[in-house]
Amino acid sequence: MDSLTSVILTPVFTAVLLLLIPGNFRVVLRLAAILGSACTAWTAVSFFSRFHAGQEGLQFESLVPWVTVGPLNLAYHVGADGLNIGLILVTGLVGFAAVLVSWNIERHVKLFYVLLMSMIAGAMGAFASLDLFFFYFFNELALVPTFIMIGVWGRGEDRNWAAFKITLYLTLGALTALVGLVAFYVAAGANSLDVIVLKAHLAAHPLSVSAQTWIFPLVVFGFATLVGLFPFHSWAPVGYAAAPTATAMMHAGILKKAGLYAILRMAVPLMPDGAHRWLPVVAVLAVGNLLHCAWVALRQKDMNLLIGNSSLAHMGFAFLGIASLTVIGVTGTVLVMVAHALLAGLSFALSGYLETQTGTLDMTRMGGLLRKMPFYGTALVMGFMASCGLPGFANFAGEATVLFGSWKSLPWLVIIAAWSGLIIGAVAMLRALRAVLQGPEKPEFSRVADLGYWRRLPFVLLLSAMVLFGVAPGILTSRIEPAAKAVVAAHLTPSQAGQAPAVPAAHAAPAASAPGHSGH
Amino acid sequence: MEHAAVVQHAVESGSKIQDLAWAILILPLVMAFGTAVLTPKNRTLSAAFNISGVVVAFLLSFTLFCVYGGQSVDATPFHWLPVAGLDAEIGLHLDALSTLMLMVVTGVGSLVMIYSTGYMHEDRSYTRFFSTLSLFVFSMLGIVLANNLLMLFVFWELVGVSSYLLIGFWYEKPSAGDASKKAFLTNRIGDFGFMLGILAIWSLAGTLDIAALKAKFVANPALLGPWAGLAGLLIFMGAMGKSAQFPLHVWLPDAMEGPTPVSALIHAATMVAAGVYMLCRLFFLYTATAGWPAALGFLDGVSAATIITCIGGFTALFAAVIAVQQDDIKRILAYSTLSQLGLMVMAVGLGAKTGDASASMYHLVTHAGFKAMLFLGAGSVIHACHHEQDIWKMGGLRSKMPKTFWTFALGTAALAGLPPFSGFYSKDEILAVALEANPIFFGVGVLVTVLTTFYMSRLVLVAFFGKPRGEGADHAHESPSSMTLPLLVLAVPSAFIAWLPLGEFLSGHFKPGHATHGGDILFGPFNHNPIAAVFGLGAVLFGFSLAYSLYGKAPTQDPLSAKLGLLSQAMRNRFYIDEIYDGIVVPLHNLLSQIADAIDRWLIAGLAVRGLSGVVEIAGRALRLVQTGSIQTYAFLFTAGVLLIVLLALK
Amino acid sequence: MPQFTDLFFYALAGLTLLFGFLTVLNPLSRSPVTSAMFLVLTILCMAGLFVLLHAFFLAAVQILVYAGAVMVVFLFVIMLLDLKADQRRHFNKIAVGLGGLSTLAIAGTLVASIVKTIPVSQTAGRLAEGETKALGRLLFESHILPFEILSVLLLVAMVGAILITKKDLR
Amino acid sequence: MTPGLHHYLIVSALLFSLGLLGVVARRNLFVIFMGLELMLNASNLALVAFSRYHNNLNGQVMVFFVITVAAAEVAVGLALLVALYRKRQTAHVEDLTSLKL
């Protein structure tokens, strides 16, 4: 069937299948999980490639009314447009990589894979669904396994504390967002939570400005907690340091983006006045992300904490893009989200593997690992270079777009963002590379083994995706742009709106015989 | 070859040129990844592939240079980031500057690669060296051919990363690891300014395409209005990072940690020249009237170009002074590169007044030639003396390594600026421009020439003449032909390139149709601007005689350091700039991150989160008091509840 | 004639309240047996009141079941455990004080509400035929189900009581 | 004056509060239990009074049921008290505070 539901159901079927396999058949379980996540990834890739770029509106849509009781009618409404097609692709890829990387899980293997599959299904559902109720439901579906996984398979002795902290913090955030959503639902009075219906309804009789002014912050700061906006970010590094590799990959890479996606999908387009009032505040807080988290990342000895904090700094870029309220800015944000998902997935996979080999994540104790682990070293260098915004990787394309997009409206923030992204990020990452890979070999880690052939697959997969979107971000931006224009439609000055379609037309001109640029 | 014929011929072969340009750009990349992925284990094959890639690129660029007509050609761009309002694309721009630079990069690149087959022979990660070098050549070609600012920035960073990989090639050495980190970060600070400059220009001018930008500037010089000066300086910051100008120069001397071929290719000929090349390409920015925003009102009189000239001049002088007291052969050459770059940047700044920066480009080309040769010569010396780099442990290599000696002497003469060799003509052009624009900088130029001749002849006298001082130098023998051949090949251009009408060809680019000085080349400078030529020559002779008087008699240790005492100590430690940086910049960052970490740990994690959970806990503890366990209390609460309900019901 | 029954009512009501008070707060002796005895007396006076209200069957049941059976079990258990009169231990003054206060408050509220709502002059109407026949018909016709359930309840209570107090249950 | 409905209700209210006082004030479990019985009887009285003055026998049926339930309750209650006493050797409320948090 050509509806997006198939990409949600595949992980669910895999989970059910896994449940049927008896617990002690470890190898069969692993194979089934890999198979399941592989075809999820394949479905996601096929949807992404079959998506018609540059076309407004929804594709692969399917609508199933679920509850129609008086004013409350909820419908399972799924569809793909510029905003979520990239994220669905990336969820598939990172999910597949997460399954591949969790070969070192020994206890309760079956439960682990079932939880991982439900996380993937939750993330897919959250991105695909257009009905806010289902978005919320899938988001929570994806959040619960995080708690269990950190608690059971986590690392470090304070993992219970970390599990509680991350879950309570996120639930608090989700709760505020829920309050906001309910208030919005009541204020809008459109008797439906479906974004499309809401948009049509609000176009006719928009929300009163005062209502928007107090609903918008609830929704935005609620979802921002899920993402890790500055003052609400302290759950992320702690949570990721204690989480097992697969959970950290999925949560840092994918679930964090659900908050941003919701802001872009629901908050900014449907409450333009609220956006106008509150986004400058978000922009200022994003500065906290950019500077504060980057500096904290600088201090970290543990690699996971370093990656966790630097991923928060990247989120600063995403928020900056949203706050710019320009087509380029929002496209940049979506690009940063996609690129960062891949980057976070890759980085946590790398740190996970490093921990299996050296038994520790304390970078100061390591040194000179490049000699023994050449492939891993190269992947680490590429990963960390991508993290400090090296062109050729998708992250640079995203960050550059965000910088260009928000320069006109927020020049000072762009300067700070550029400073944090280019300099502080680079210092932190290079210190890590210097500590881990270069320098004389430490006898303590003499029997460190490089990645076996099978174990290289996830890294090669993620890196090639990052390079593909880095070399040719056009694939992504052509898909994202129409949706981005829709998001900021209310804020576009007529001139900007007019100018927008001009470029895609020119874009249609055939690219020169530049090899290495795959068709789209 | 008459221009007219060539021009007409080039037009209908336009598409052929584009494919040629694309081929030149992509070839090294294909070779780099091809060898890295396909033949990592096979040494000779991967070396052969990479070298052939660059050599073919050189041949293509040579044909391109011949086939290419006068006017600039733009290859159809490939839309890299098609977003509304942002025309970021990867396209190629071919004109006098870029075709010449193509030849320099690929030429020096191929020679260095051939040289390194010998130099890196016994190194374990041989293939990784060659693929990284190809990656570097690819990114450098990207800069040369870039037709828009964002693409320039992209390849700017790629060059930064490949220099990081190459400096840190011997990653076991902790000093190499630190040096590569330092190089990348210093470049990044420059790139930070560069990015802000691009953003400023993009938002004010509306386009990223250099040709379009140039057209807009020609049409309306005050396009950027008050921001012109600041934008110009920010763009210059990018050049400062890459061409190691004063505040950001600290990484170049440490970059000598990399293998010598790397130093030759990257830190002598190509990468460091990228900054100067970029300034020449965006020259129109600096010729425009320099306005300043209100905040920087005090700079109103001064134009961006003058600031650039000052920085260039200061770097030249500063580096030359330090070079005088350095002992490591590669460090001397590194500081000499620094000072020559300072000269080029100064020439660009001065050229902004006369509207012609061909002097700096001319010097860039000649400098690439002889400096690469000097570095390769130094490499073969180090290779011969078993990785001995201190000149005071060498000596008497003249008899042991004749070929290396003669090429090295030739390079030194060219660098110092003896007339028949290329250095004299390009430096003379700079002195001429300086004389015409601003006599103070003419003095700086002459002083730098004196110092250059002094430290270069000091190096040659100490290293090649007298008796061998170290056991390494004792049984040094001539390097294998794979190393000396490139030296000989490089000797030709570094000596005689000035005999080609390069100066005229380049100034044609900056001032179309205004032929400066035709006629014979050899004695051109003497009859066009005799003062500059005479002073230049005088400076060389004076410097040489000074050096000879001190080092002629092959002393065992440096007499000058005794004379200068404290000053020589400062010069040896590069005026403690590194220590100052480590003393200020690094602790500042650590302090900031400590504060951030403290805030994160106490304020946010502690206060907010613990506070919240603390409140919940206290509330819990308060409620617990009610559960006293005695049935009486429960009964009492029950009755109180009933009473309340009854009262409420009655009301 | 009316004065006689009124007098009868006031006497019985007064006695019931007196004995009720003595069950609860017996100033003389604190042993549970005396309070049990006074409870029995209270129940008997209640039966008298029932008779006044023409609920003859219930009065009989009250005396037979309640006074006869329930209080006997009570006394039996008290005697079985031969509780000493609980000596005057210190008791939580505040709790008892507050308890007493709130009980008084409740009593006041109830009485106030009763007085306020019911018109004083309402007089009792005559019943058509004998109380007990009508009660019996009512019990076995419309309320048969609760009746049966109650029998089950009693059975369960018995089994429960036996199980709880069996010594070697463990 | 002839006793009306409210007289009976007042008596039952007072009896109810006496029972309640017993439950709240006394320390011995058995006396508390008796207080409970008193409260039950007070409610029976009110029910009978209502059925008498409203000419509707349902009240009396209700009382009948209440008495049965009270009997069952006493049986189980006393069993509990016996078990409790056997375990703790005291029926004094102050000692039984294991529910204290």
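Think of it as A, B, C and D in the order they're written, each chain with its own count starting at 1.
Operating definition for what follows: a contact is a pair of C-beta atoms (placed from the backbone, for glycine too) under 8 Å apart; a residue touches a chain by one contact, two chains touch by 3 or more.
Predicted, not measured: the structure shown is a model, and the values here were computed from it.
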Centrality ranking, top chain (CA atoms only): A
Chain C and chain D, separation of their C-alpha mean positions in angstrom: 6
Interchain centroid distance [CA atoms averaged], chain B/chain C, Å: 104
Euclidean distance of C-alpha centroids - chain B vs chain D, Å: 98
Chain centre separation in whole Å, for chain C relative to chain A (CA means): 71
Chain D residues counted as touching two or more neighbouring chains: 20, 24, 94
Multi-chain contact residues (two or more partners), chain C: 92, 95-96, 99, 102-103, 106, 110
Shared-contact residues (touching 2 or more other chains) in chain A: none
Each pair of chains that touches, named by its two labels: A-B, B-C, B-D, C-D
Residues of chain C touching chain D in the complex: 2, 5-6, 9-10, 13, 16-17, 20-21, 23-25, 30, 32, 35-36, 39, 42-43, 46, 49-50, 52-55, 57-58, 61-62, 65-66, 69-70, 73-74, 77-78, 80-81, 83, 86, 89, 91-92, 95-96, 99-100, 102-104, 106-107, 110-111, 114-115, 118, 120-125, 127, 131, 134-135, 138-139, 143, 146-147, 150, 153-154, 156-158, 160-162, 164-165, 167
Residues of chain B touching chain D in the complex: 624, 627-632, 635-636, 639
Residue ranges of chain D touching chain B (in the complex, touch as defined): 20, 23-24, 32, 93-94, 96-101
Interface residues, chain A side, partner chain B - complex: 165, 169, 231, 233-235, 238, 291-293, 295-296, 298-299, 326-328, 331-332, 368, 370-371, 381, 385, 388, 390-392, 396-397, 400-401, 403-405, 407-408, 411, 414-415, 418-419, 422-424, 426-427, 430-431, 433-434, 437-441, 472-474, 477-478, 481, 485, 496, 499-504, 506-507, 509, 511-517
Interfacial residue positions of chain B with respect to chain C in the complex: 630, 632-633, 635-636, 639-640, 642-643, 646-647, 650
